[in-house]
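The next part holds the structures, each set out as C-alpha cells.
Shared chain: subunit A. Partners: subunit B in the first complex, subunit C in the second.
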Partner chain A sequence: MAEAVGIALSEHFESVEQQREATTLGMWAWLLTELLLFAGLFLIALILRIQHPQSVTLATTHLKFWIGAANTAVLICSSFTMSGAIACSRLGWRGPMLHCMLATASLGTLFLVLKGYEYYTDYVEHMIPFLDRPYALAADPATRLFVDVYFVTTALHGLHLMTGVSILLVLTRMAARPHFLATHQNRIEIYGLYWHFIDLIWIIVFPVLYVLNR
Partner chain B sequence: MTADEKRALWRQMRVPLLGFIALLGLLAINVALGAIVNFRGSWVVEACVTVCMVGVVLLLSMDVREASPLIRLFSGLGFFWVLIMFTMTLTDYLWR
Partner chain C sequence: MSPSDTALLRDPGTPRATLDRPADYLHEEHTLRSWFFSTDHKRIGLLYLASITGFFVLGAIAAGLVRLALIVPNGAIFSNDTYNKLFTMHGVIMVWFFLIPSIPATFGNFLLPLMIGARDVAFPRLNLLSWYIFMTGSVFTLITLIVGGVDTGWTFYAPFSTTFSNSFVIPALIGVIIVGFSSILTGLNFVVTVHKMRAPGMTWFRMPIFIWTLYATSLIFLLATPVITMALILLIMERAFRIGIFDPTLGGDPVLFEHLFWFYSHPAVYIMVLPGMGVITELVAAFSQKKVFGYRFVAYASIGLASVTFLVWGHHMFVNGQSQLASTVFSLLSFAVAVPSAVKVYNWTATIHRGSIRLDTPMLYAMGYIGLFVLGGLTGLFLATLAIDAHLHDTYFVVAHFHYIMVGGTMLAFLGGLHYWWPKFTGRMYPETWGRVGAALIFIGFNVTFFPQFILGYLGMPRRYHTYPPEFQLLNIMSSAGATILAAGYFFPMVYLIWSLWYGKRAAANPWNAKGLEWTTTSPPPAHNFDQTPLVDFEPYGYANKVPEIG
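Presenting the complex of A and B:
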C-alpha cells in the first residue's frame, strides 16, 4: 500500500532539508501578507462597532447567523480532512490521500454553495446596499458601512476559497500520477498550510461579523 | 489495514483529531453565546474563544509547534504586526 515518500532536490538548493525549509518559509511569508490584508478589514469592522454600536447590531441581526455557523463547522471539517491528506502523504498512502483531498475540495465547495445561498437571501431581503435597488436599512445610513465591510470581507474570503479549491483539484490530479509522492510530497504539506490558513481567517470572520454583541 | 498501519495512522492523526474536537467545542461555545446566551460583556468571552481557536489552528493544524525556530519566529511576528496595528488604531479611537 505504501509508496516511497520524498522530495526531488532542485538545483538551487544544497539539500532537501534546506529546500523544505525554504518552501515552508516562503508560504508563511505570503500567508502573513494575507493576514495583514484581512486584519485591516477586521479592524474596520471593530471600529464601526465602536463608533456605531446600535447600527452595527441592527445590521448584524439581518445576517444569516446559522449559515455562518454551519460554514465555520464545514471549514473545520475540511481542515481535518486536509490534515488526513497530509498524514497519508507522509505515510506514502496515495489512495487515501487522494480521497482526503477530494473530500476537502467537496467541503470547500459546500462552503461556497452555502455562501452563495446566503448572498441570494441577502438579495431577496434587500440587504445589498451597493446594488441599484432599495436597501432595507436605508433609514440608518451607518448600517451600510458595516454591510459593505461584510460583503468585502466575505467575498474576499470566498475568492481565496475558490482559488484554493481550484488549486486543490489540480494538485489532486497531479498527485494521482505514480511517483508523485516520491518526488513532490512537500507540495501537499505546503498546500495544507494555505488551506488551514483559509480556515483560520474564517474562524476570525465569523465572530467579528456575525457573533460579537449580537 | 494491518495493526502497524493503524498505529502509524493514529500517530499521524492523533494531534489533528484533538485539534478538530477542540475547534468544534470552541465553536459550539461561540454559537451558544451568539444565539442563546447574551449578557453584557459577552464579547470578552467570544473574543477569548476566538483567540483560543486561532491558537489551536496555528499550533495543531499548521504544525507551528513542530516547525523550525525561524518559521516559529516568522509566524509569531505576523501576529505581532497585527497586534501593533490594532493597539495603535484602537488607542486612537477609544481615547480620542
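Presenting the complex of A and C:
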C-alpha cells in the first residue's frame, strides 16, 4: 500500500526543489570532510608500504584477512539493503522500507561483532600495545607504526559505524510514524548517502591495510 | 528636528510605535532566550562577535605579559615555565579561537545571506549548533589554559607534546578538536548557502568579492580541518595510550606530525587571510566609489590562493631533514603564492587610483592593510627561499612576518569591516573622529611593535626563548613599548563602539553610498532580511567610475 511521498518546506527556502538540493549537497560536503579525515591515515599506511615493504608485510600477515574479507561482504550486503530502503521510500512503501532499514542496522551490528572478535584475537596475540600486554611483534619501528595505524583507522571506522547504526535505529523509529514519508522522505536518501560512505571507507580500508603487501 | 525628537532617537528603550521605525532583527524580541536560541544568522553572527572579542582580549593580555617578560634579557619577571604557558596561551587563543572564526563566523554569518539576497543560511539550526560547539570547545580549552596551563606552543609539536610535556595537553587538544567541528559545520553551511541560496539573477560573477573569499575559505574549512582533527586525535592516542605514531621510541615518526599539522595549518593561514582580503575589496570599492578593478581576476585569485595553499605546507619544514627535492618543490610552490596575492594588491591599488576617495575610518584601515600586507607578503618570499630560511627559521623574523599578515592583515581588515558594517549590524554610526584616532594609533603601535622584531630575527634572536643576549634589549624594549601603543589603540574602538550602541547617531540604510544587496535593506535589517526576495539584474560594484576633477 503506497503512501504519499514528499518534503515539507522549511520557511527559509524558496521551493521544495531548492530545499532538496541544499540538504543533499550539505551531506555531500560533510562526506568530503569525512573522506579527508581518513585520508591522512591512508596516506601514512601507503607511504609506509613504499618506504618499509618488509616491515609492513610482517605486520600485514598478522592481520586477520578472512575476518576482514567477511566484513567487507557484510558491509556490501548492508549497502544493498540500504538501497532497497531508499527505493521503497521513493515508492511510498513504508513497511518494506522499515524492514530494509532494520536489516541494514543488523548487518552493521554484525560487522561490529566480527570486528570486536578480531580485536580480541589481536589482543590474545599480543598485538595491542597497551593494556599491560608486552608488545610481541618485531622490534622494527615501521611494523609497530603500521599496526598502530591499523588500530586507529579501524577504530575510527568502527566509531562511524556505531554512530551510523544508532542514527539508523532512531530514524527507523521516526519513519515508522504515519506521515513521515509525506513530509521527510529526503531524510532516508540523505542518510543513505552516509551509510554508503561508511561502506566505501571500509572498501578503501580493507585493501590498504589487509590486502596489499600480503 | 526638535530636541524631544533627538531624545527619542537616542533612547532605544522607547517603544517602537512612537518612533515609527521599521521592524528589525535587533528589536523583535529582547529576551535572553531569543538570543541564545535564535536561528537568525544575524543574531548568531553577533553571538560570535561577542565571544571572539572576549577571546581577543584574553589573548591580547597574554601577549602583553609576554612582551612584559621580554623587557629584561635575563628573564627575571616570570619563571621559564610561566613564560612558556603565557606564549602558548597567546598563540592558542589568538589562532584557534580568534583569528580562525573572526571574519568568517561573524561577518560571514551576518553578511553572506544579505549579500546574496537569501533569507538565511541553508541550515540555520546547524548554524546555531556551530556556535554552541565553538563555545564548548573554546571555553573548555580556555579553562585548561588558565587553571592548568599548557607549554607546547600553539603548534603542539610531537614528541614534546606527547611524551615530555608535563602540562595539560590532552584537555587543550580536546577543546581544539571540538572547535574544529564548529569550523567544519560553518564551512559546510556557507558552501551550500553560496551554491543553493542565491537570489534570482545572482550569478556567480555577480557575487561580491567578499562572498568569493568566504566561499574559498569554506572550502578550506571542509578540506583541511578534518586532517588536523585526525592529527590531534593521534596525538591524544599517543599521549594517553602510548599508541606510537609520532614518538620514535614508540615506533613513530615526529616529522609525520609536522606534515599532518601543516597540511591543515598552512591552509589555515588562508582561512585567516582570505576573508580579510574580501573585506578590503569591499572597503576599497566603497570608499573610492569605483568598480573593483579586474573583478574576475580578483575572484579567480581567491580560488587560486585557496588551491595553491594546499601545496605549500612543506615550507615549514625546510630545516628538519625533508629531502632536498621536496624542499625545492615546496619552495617554488611557495613563491607561486605570491602571484594571486600580488594580483589582489595591484587590483586594490588600481581600484583606488583616480577614485573619489573618502578617508573615513574603514578606508584608513584598508590603506593600512594594503601597506602591511605587502610588507608581510614580501618577507614571506624571503622565508620561502631555502638558503635564507636556514638562517631565519624559528627566529623573530618569522614571528614578525606572520604578525604582519595576521595582525597587520586580518586584524586591520576585521576592524575596518567592523566599522564599515557597524551601521548595518546595529543601526548606529560610530564617532568618526575617534575612529580615525584609533586607526592611526593601531597602525603606529603595530609597526613599532613588530618592525623591530624583523631586525631581531635577522640578528638571530630565536622565537619562544625567555632570555636573550643583552645587546638585543633595546629592540625588545621598543617592541614592548609599541605593544602598549597598540593596546591603547585597541581600547578606542572597544569603548566607542559600545558607547555608540546607545548614543551613536542613527544610521541610514546606506550611509556610505555603497553598492551591494546588504545596503538595499534597512539598517538594521528586518528579521527576514528583505521584504521581498531581491531580483538581481545588475553587475556587482555598479559605481559610476567618475574621474575626479583635478584642479
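We adopt the following convention: the second predicted complex is superposed on the first by the 211 of 214 C-alpha atoms of A that agree within 3 Å, B and C clash if a C-alpha of one lies under 4 Å from a C-alpha of the other, contacts with A are read in each partner's own complex, and residues count from 1 in each chain.
Here is the rule we use: a contact is a pair of C-beta atoms (placed from the backbone, for glycine too) under 8 Å apart; a residue touches a chain by one contact, two chains touch by 3 or more.
Given the structure is predicted, the values throughout are model-derived calculations rather than measurements.
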Practice task
Identify whether subunit B and subunit C fit side by side or clash on subunit A in the overlaid structures.
Solution key: fit
Exercise for the section: Going by the touch definition up top, name the partner, subunit B or subunit C, that contacts more of subunit A. Expected result: B
Exercise for the section: Return first, second, both or neither, reflecting whether A:84 touches subunit B, subunit C, both chains, or no partner chain. Expected result: first
Practice task
Classify the contacts of A:36 with the two partner chains as first (subunit B alone), second (subunit C alone), both, or neither.
Solution key: both
Practice task
Using the touch definition from the top, say if A:25 reaches subunit B (first), subunit C (second), both or neither.
Solution key: both
Exercise for the section: Name the contact category of A:8: first (subunit B only), second (subunit C only), both, or neither. Expected result: neither
Exercise for the section: Once the structures are superposed on A, label A:151 by its partner contacts, choosing first (subunit B), second (subunit C), both or neither. Expected result: second
Problem - Partner chain in contact with A:73 - subunit B first, subunit C second, else both or neither - result: first
Problem - subunit B versus subunit C as contact partner of A:197, first or second or both or neither - result: first
Practice task
Would you give the minimum C-alpha distance from subunit B to subunit C, in Å, for the three-chain superposition?
Solution key: 5
Exercise for the section: Determine where on subunit A the residues touched by subunit B overlap those touched by subunit C, and list them. Expected result: 21, 25, 29, 32, 36, 39-40
Handout entry: Residue numbers on subunit B that touch subunit A, as the complex places them
Key = 5, 8-9, 12-13, 16-17, 19-20, 23-24, 27, 30-31, 33-35, 38, 42-43, 46-47, 49-50, 53-54, 57-58, 61-62, 67-68, 70-71, 74-75, 77-79, 81-82, 85-86, 89-90, 93-94
Practice task
Quick one: which bits of subunit A touch subunit C in the complex? Just the residue numbers, please.
Solution key: 11-12, 14, 18, 21-23, 25-26, 29-30, 32-34, 36-41, 44, 129-130, 141-145, 148-149, 151-152, 156
Practice task
Could you please specify the touching residues of subunit C with respect to subunit A in the complex?
Solution key: 118-120, 122-124, 184, 187-189, 191-192, 195-197, 222-227, 229-231, 233-234, 237, 241-245, 248, 250-253, 256, 260, 263, 533
Practice task
Would you mind writing out the residues of subunit A in touch with subunit B in their complex?
Solution key: 1, 21, 24-25, 28-29, 31-32, 35-36, 39-40, 43, 46-47, 50-51, 65-66, 69, 72-73, 76-77, 79-80, 83-84, 87-88, 90-91, 193, 196-197, 199-200, 203-204, 206-207, 210-214
